[in-house]
Amino acid sequence: MAVILITGGARSGKSKRAETRTRAFPGQPVYVATAEALDAEMDARIAKHRARRGTDWIEREVPLDLVSALVATDGGGARLVDCLTLWLSNLMHAERDWDREVTELAAALPHLASPVVFVTNEVGLGIVPDNALARSFRDAAGIMNQTIAATADEVEFVVAGLPMKLK
Amino acid sequence: MAVILITGGARSGKSKRAETRTRAFPGQPVYVATAEALDAEMDARIAKHRARRGTDWIEREVPLDLVSALVATDGGGARLVDCLTLWLSNLMHAERDWDREVTELAAALPHLASPVVFVTNEVGLGIVPDNALARSFRDAAGIMNQTIAATADEVEFVVAGLPMKLK
Amino acid sequence: MAVILITGGARSGKSKRAETRTRAFPGQPVYVATAEALDAEMDARIAKHRARRGTDWIEREVPLDLVSALVATDGGGARLVDCLTLWLSNLMHAERDWDREVTELAAALPHLASPVVFVTNEVGLGIVPDNALARSFRDAAGIMNQTIAATADEVEFVVAGLPMKLK
């Protein structure tokens, strides 16, 4: 078992780095997309990611039930979960108890046999947002990132496509 | 004398890291809160921080006069100042000369006997804010962080709860 | 030939660091400003930067045609380009094909004889901006930073005035 967390800003090269780390494990890689193609902007981004990573991935769309998906795909190749911040946003929109779900995810990780590579975003390094919802989200994202980082075997922070090893 | 600066984004684990560093010094630790409990959101955050760090701290509320507070509490255990960005915000709201006060703080640090651990925020890594006040604040925060970092013995940048050594 | 990319947040000490790196090369340094003095806020910032770096620099204002300017000033001292994110913003306002221009810049770098030190900004580490234009800009800035970082010989990330070596 190996759990790797790749964090960074928007368009920092996180996904590409995570793909490289995922492909380095043996077996057919599994792409766990937390995005749903709900608008044209998101459609275009999903298509671009797919074009880059190639067609040899097993693909799963998992907006909410991440732990079940990781259990269901366990035993094969490494899973790339892209990305945790979108999963968190989905949980909040669905009015699920994100705090409990993050804790359950962290608790489930040590019991998995196949590797998991998570992509997440750093969203707390700008000016305090004006609206309370955005503040809640960045607080939640920070807590989630700390929680998963504490459990992960490796954590990398990507800036301008270049990884810094945090753990 | 030891001066340590812990910087990072919102909910990055800065305060927890700073508590660990402060407790590692001998003597009863002193918590210097720059926050004032002015609304429910702030109340809740203060209560949460207090619950985590325990009740064995001497507590001081110091929204503005930080240098005096550090001189007054000198000679005992290490001081944890949480946080400099809120102090800066308080100075600006009170229409004090923040630039001069930051310079005076940096100048006072080498004359203190007991350690000081500062928490601060990185706020300049997002998109340029629309309003001029927010731009002024992030400029001021960046200048303050550079000034204190230049004087500090150690500087750490915390991401997802994990410190990177900058100095 | 040496290409150095200095990245970081607003008021992180990037420009100062880049000046130090540029001055370390032999010859008269060339300051390539991508800023145009269009308003009082920008005027003040330009004047402050100029006061700090001294008067022994050759100065060029290059809001758009960066590759030509680097070719035209080649063969002398090192060039400091401050900064790439403003250049990108200028290209977008002028409705030029920024993607192609960034690719051309990266392709031109290995053919230059004199060193180039670039300053750029990390703008993708805050909350997702509300407006589509800001989102496009931060995506473009991230892609540009990755592209130039991939070509650069050295990349540094500056936080609180302190550089971390990324490459």
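When the chains are written out, they are named A, B and C in that same order, and each has its own residue count from 1.
Just so we're on the same page, contacts are C-beta pairs under 8 Å (C-beta built on N, C-alpha and C of every residue); 3 or more make two chains touch, one makes a residue touch a chain.
The structure displayed is predicted, hence computed values, not measured ones.
*Asks:* Answer with line, ring, star, complete or other to describe the graph linking chains that touch.
*Replies:* complete
*Asks:* Answer with same or different: of all residue numbers used at the interface between subunit A and subunit C, are over half used by both copies?
*Replies:* At the contact between subunit A and subunit C, which are copies of one sequence, the residues are largely different (under half shared).
*Asks:* Quick check: how many Å separate the C-alpha centres of subunit A and subunit C?
*Replies:* About 31 Å, centre to centre.
*Asks:* I need the residues of subunit B touching at least two other chains; which ones are they?
*Replies:* Only 9, 122-127, 138, 164 qualify.
*Asks:* Under the stated contact criterion, what part of subunit B meets subunit A in this complex?
*Replies:* Residue list for subunit B touching subunit A: 8-13, 41, 122-127, 129, 134, 137-138, 159-162, 164.
*Asks:* Looking at the complex, which residues from subunit C come into contact with subunit A?
*Replies:* 5, 7, 9, 120, 122-128, 132, 138-139, 141-143, 145-146, 148-150, 155, 157, 164, 166-167
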